[in-house]
Amino acid sequence: MGGSRKISYCKAINEALIQEMERDPRVFTYGIGVPDHKRIFGSTDGLVERFGPERCFDTPLSEDAMTGFGLGAAINGLRPIHVHMRVDFMLLAMNQLANMVSSYRYASAGELSVPMVIRAIIGRGWGQSFQHSKTMHSCFAHIPGLRVVMPTTPAEAKGMLIASIREDSPVIFIEHRWLYYAEDEVPEEPFTLPLEKAAVLRPGKDITIVATSWMNIEALEAADILNKRHGVSAEIVNARAIAPLDDGVIVDSARKTGHCIVADNDWLHCGFSAEIAARVSEKCFGSLKSPVSRIGFAPAPCPCTRPLENCFYPSAVNIIKTAEKTLKLKEADLSEEVFYSYEHKFKGPF
Amino acid sequence: MDKLNLELYKKLYLVRRAEEEIIKCYFDDEMKTPMHMSMGEEAIAVGICHALKDDDQVFGTYRSHAIYLAKTGDVEDFFAEIYGKDTALLKGKGGSMHLCSPDNGFMGSSAIVASAIPVAVGAAFANKMAGNGRIVTVFFGDGAIDEGVFWESLNAACLWKLPVIFVCEDNELAVHTPKSLRHGYRSISSIVADFNCRVFKEESTDVETIYRLAEKAIGAVRGSGGPCFLDLRYYRYLEHVGVSEDFKSGYRSREEFEKWRKKDPVEQQRKKLIKKRIKEEELDKIEDGIAERLINSMKAAQSAPFPGAGEIEKEVL
Amino acid sequence: MGGSRKISYCKAINEALIQEMERDPRVFTYGIGVPDHKRIFGSTDGLVERFGPERCFDTPLSEDAMTGFGLGAAINGLRPIHVHMRVDFMLLAMNQLANMVSSYRYASAGELSVPMVIRAIIGRGWGQSFQHSKTMHSCFAHIPGLRVVMPTTPAEAKGMLIASIREDSPVIFIEHRWLYYAEDEVPEEPFTLPLEKAAVLRPGKDITIVATSWMNIEALEAADILNKRHGVSAEIVNARAIAPLDDGVIVDSARKTGHCIVADNDWLHCGFSAEIAARVSEKCFGSLKSPVSRIGFAPAPCPCTRPLENCFYPSAVNIIKTAEKTLKLKEADLSEEVFYSYEHKFKGPF
Amino acid sequence: MDKLNLELYKKLYLVRRAEEEIIKCYFDDEMKTPMHMSMGEEAIAVGICHALKDDDQVFGTYRSHAIYLAKTGDVEDFFAEIYGKDTALLKGKGGSMHLCSPDNGFMGSSAIVASAIPVAVGAAFANKMAGNGRIVTVFFGDGAIDEGVFWESLNAACLWKLPVIFVCEDNELAVHTPKSLRHGYRSISSIVADFNCRVFKEESTDVETIYRLAEKAIGAVRGSGGPCFLDLRYYRYLEHVGVSEDFKSGYRSREEFEKWRKKDPVEQQRKKLIKKRIKEEELDKIEDGIAERLINSMKAAQSAPFPGAGEIEKEVL
């Protein structure tokens, strides 16, 4: 067993790809721009050099056919990894995803399986507007036969990507662009993490914050401030598995704290936040001391201009204010707080 | 004796007779699955599938009885599946529109128009990578070429020179809508020929003609490594879905049907064999043998058990 | 004002189309098979005869482009009605729906509007399997900028379709195939019903059943039996508006009865049922005497064979059993009950 | 005096200069919107838009600075929008990728490749129904023709003979990927010509040539009622997104750029005017006038207020 060292989320993805492609010659990575010099923000670095253009290649701009293509390759024994620079482009492939990929195994009563990974990048870039800002995990998760995961930490990125590649059913693997630079301890050796379970990111006892993807970062900041300003100990549950979902960790936490906020990187209506709120409300009925609240995108297409973009995306501030309301605390004056506002660091385009 | 033509006839007869048996029983209302019948297209299905090797692969549509039967040689599983029984490979999860028999090279069929086309292209890619020499053939209708994914798939196959044969089974109709109300061009063949793709066009209902054409296409794919496109015309005998005729509904005439009926692929081939001096009694015996197998497997399907409720959530992931 | 008479759901839709196309020359109806002799199960009867092939026409099999086509016609002053024989086919147009149709008005800051109706038929047909059996309302509803409605009664079909046609934003109008034959009183004159509100279908006081589309029919049956066998008075709230959703009627009912079951014509995970459960749990916190339960499709692609199909679709029996559990009643023996089992009447193909 | 060529030059200069002003200020980081620059394609945008009438309509992509400016004549709103300000028509909701000015016939631009193409076809249908004689022109890149929806839209326009001009602005790249890695055919023009569509192909950077071609295409559309396809080549000067050069990244050479630079559409047109004996001082004055307008409107945009938070949920439905 090798040791571990701090690497970025991006590097963790890259390492998972290289180690799995090394281990298993059936794995290949493809998609628009995958081998170009930008290398999907660096995440596909070195693949084409190591594995050649047969196992790492660019495609026409044909998301729908390229998804079906992966499906065909998968049922014939390969293990495709299809990459989308933006999850929004997967909407062009919704038919293949929901009518074909999701049901091919079922349609063959298990004679054929679909070991396919679809990597999609999400996230607030920088003035991206309404066509480059969706998350869509709830829509994918709604379709039985598709796995959906959203790793937050570098170790999750590596462990869950390896698990996804080794998995025999299709996995939609959703990566937040802003997390690419996050660094943390990641084992050098290949390893896997479960694809169906949430994980406690920060233990606490007074209130549960269930967060997806980047919202975990906002939740960590919120938890610090809640602790500092109110002495509140928030437990953050990282909902890294979207579907299928073993909700045990989430339900246990909410039952323990009696309060639950869901902070999703998405719109609320009919979203994953509703699923969590529904399950927590049902399974913790009687143990909850307050109703479950939800935080997410503003109910609008994402606008371009910065001040409106700031209103669109939920943040640590929203979490703090919601927690204060939930716990009936006096609103802290946050004007002195310096928030980790990533958008100031991030220079365009995306 | 002309063994080839006899073999082709056996398959033609099997396909036709299987559907005739379905028609006989369909109104018993025990096959609870929407039937899109192949009648009229048998020469295409049989001609091409007979030219393919066992381990070559085929993808179809909701209208796949003919290609399924011609490719797989299976009958027992077929009936069990359309009766929705536990004894079928798919245990009735698929039904008539979603036949599948991977071991026999029948890789599945889809009821969303055109959606199997890119899957076939990906399957061909895997075969090419494996260097196994297998050819993938994907069948679809003249409606499927309206869909964007057809063009994307064609482009990709041509770009990457993949061993796939696109078979457009042109009955000039999508449900009840003629090509003239759907296509902003004269000829799909001439358009596809401008891609890096060999194109073969044929209107014959003679199975041997189709078989020879398929051999040529297969040779071209093996030679070039790249795809072929077959533009094949036939006439759909029955309604779009269901087992009845529909000449009274006004969108097409019985006269047209009668013209095609004169060159019916099955009868024509039978006549050809008799011309080639195969004895009629011999044919009768062969036909009876096939019919017996069909009827027996149908009966077996009828009396087989249904799958248990537990099946529903199996094989989802 | 004319009177009203009993007509079918199908006829109600047809009447709405004819009256609105008569009233407003900008309205046109198009889609695969719209003018063919089957007339979308009769719902487009008489249109091509009355309004000609310029206002009622067939299209190539190109769902994606045909959706964009409607959008283009709408922003240029027409009022398209696009018809899909199956909602599943709309998945091919998901990009146009979620990236274009939903945001065009926003993208033009209101300079352009999108008065477009998309009619889509859903519903258990008859051995339709996994590619002809989805509902998808939750996925459409998840996208801001799209209206989604699911009328259940003939009067709703007419009133909501007319309202949809007159509405200046895009409406996805979802019709259950089995409801086509339902007959009820419908006013002869054109009239509109609100697009954002639920309606009480059957008043009651002991338990609330929130149902969508066909599930209202199942709920009515369940309510009869619950009354007969347990003396329970169930209130059925017909969730005919999916997005945007004014949840007032639903919340009021659940608060009043203290018990709530959501019976959705869909999968549960990240579905509309989760949204309702989340809202009711939050807004009725403290008034609920039991957790909100959800009923929907089995978590699998829809199988073809009848016995499995029967397991896939939720029914009155599921509602009764859930209500018994919720209200802590002894399970009634239902073996003597004759259920209105539509699937016995319905002969294929769809 | 050659009024046409002068007018064309004014527009060319406006477009080029507007983008130069953007480059100057972009690193101030106040225009928080991804810039896909038009530099290199000015002749296409100006040549075509100048041939269109005011009430003809245009749809574009995320790379629409040139066609927006050439079609609308607007500058003030343009800068206010890319600065995300309340004074812009869209109040910054769209940004650089989603310009829109319906009153000036600029009907919107989309950042999902190819997705405006069917919308343009539908808009053309509405115009045809209204009998208003308007022509719709939709601009897209050589990447857009990879997408199925392009083919579906082309087919529909040809089928229904709609007054729409498809303009493929071919820079041979989709982001960094050359056509050779994306197209399974030699020539899109010859394929499209097999549809019921007039095709015009041109590689010139001379704006007058493009203008004449556009006139021809417009004439053809008005004459036949049906669509045209323009296959026009240009060279993208800058990186795919962003305002810098990227010849060092290895996927293309500076030499190629230099070749195209020699026939730069703006400089070439200036030279042509001087050859036609327009005085250089006169041109200088015209250019200064344009520059002044640009700089002033840019300043106005910089100092304009941002929209209030309440804007976010307006105009959703």
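The letters A, B, C and D name the chains in turn, as written, and every chain counts its residues from 1.
Criterion: a contact is a pair of C-beta atoms (placed from the backbone, for glycine too) under 8 Å apart; a residue touches a chain by one contact, two chains touch by 3 or more.
As the structure is a computational prediction, the values presented were derived from the model and not from experiment.
Engineer: Among the chains, which one keeps its Cα centre farthest from the Cα centre of subunit B?
Structural biologist: D
Engineer: Using mean CA coordinates as chain centres, what's the gap between subunit A and subunit D in Å?
Structural biologist: Taking the mean C-alpha position of each chain, the two centres sit 36 Å apart.
Engineer: Roughly how far is subunit A from subunit C, centre to centre by C-alpha average, rounded to an integer in Å?
Structural biologist: Computed value for the inter-centroid distance: 31 Å.
Engineer: For subunit B and subunit D, what's the span in angstrom between their mean Cα positions?
Structural biologist: That gives a centre separation of 47 Å.
Engineer: Going by the contact rule already set, what residues in subunit C reach two or more other chains?
Structural biologist: 59-60, 62, 64-65, 88, 92, 95, 99, 106-107, 130-131, 144-145, 244, 299-301, 303
Engineer: Among the residues of subunit B, which ones contact at least 2 other chains?
Structural biologist: Where subunit B meets two or more other chains at a single residue, that happens at 91, 93-94, 98, 110, 112, 146-149, 152, 155-156, 159, 181-183, 316.
Engineer: Which word fits how the chains touch one another: line, ring, star, complete or other?
Structural biologist: Basically all the chains touch each other, so complete.
Engineer: Going by the contact rule set out above, which residues of subunit B touch subunit C in the complex?
Structural biologist: Per the stated touch rule, the residues are 29, 32-35, 84-85, 91-98, 110-114, 143-144, 146-149, 174-177, 181-183, 241-242, 249-251, 306-307, 309, 311-313, 316.
Engineer: Would you mind writing out the residues of subunit A in touch with subunit C in their complex?
Structural biologist: 64, 88, 91-92, 94-95, 98-99, 102-103, 106-107, 130-131, 134, 138-139, 141-145, 242-245, 267, 269-275, 277-278, 281-283, 285, 288, 290-294, 299-301, 303
Engineer: Hey, which residues of subunit C end up touching subunit B in the complex?
Structural biologist: Residue list for subunit C touching subunit B: 32-33, 36-38, 58-65, 88-89, 92, 125-132, 298-301, 303-308, 311-312, 347-350.
Engineer: In the complex of these two chains, what residues of subunit B are touching subunit D?
Structural biologist: Of all residues in subunit B, those touching subunit D are 146-152, 154-160, 181-187, 190-191, 194-197.
Engineer: Touching residues of subunit C toward subunit D in the complex: what are they?
Structural biologist: Where subunit C meets subunit D, its residues are 54, 59-60, 62, 64-78, 80, 95-96, 99-100, 104-112, 144-145, 147, 169, 244.
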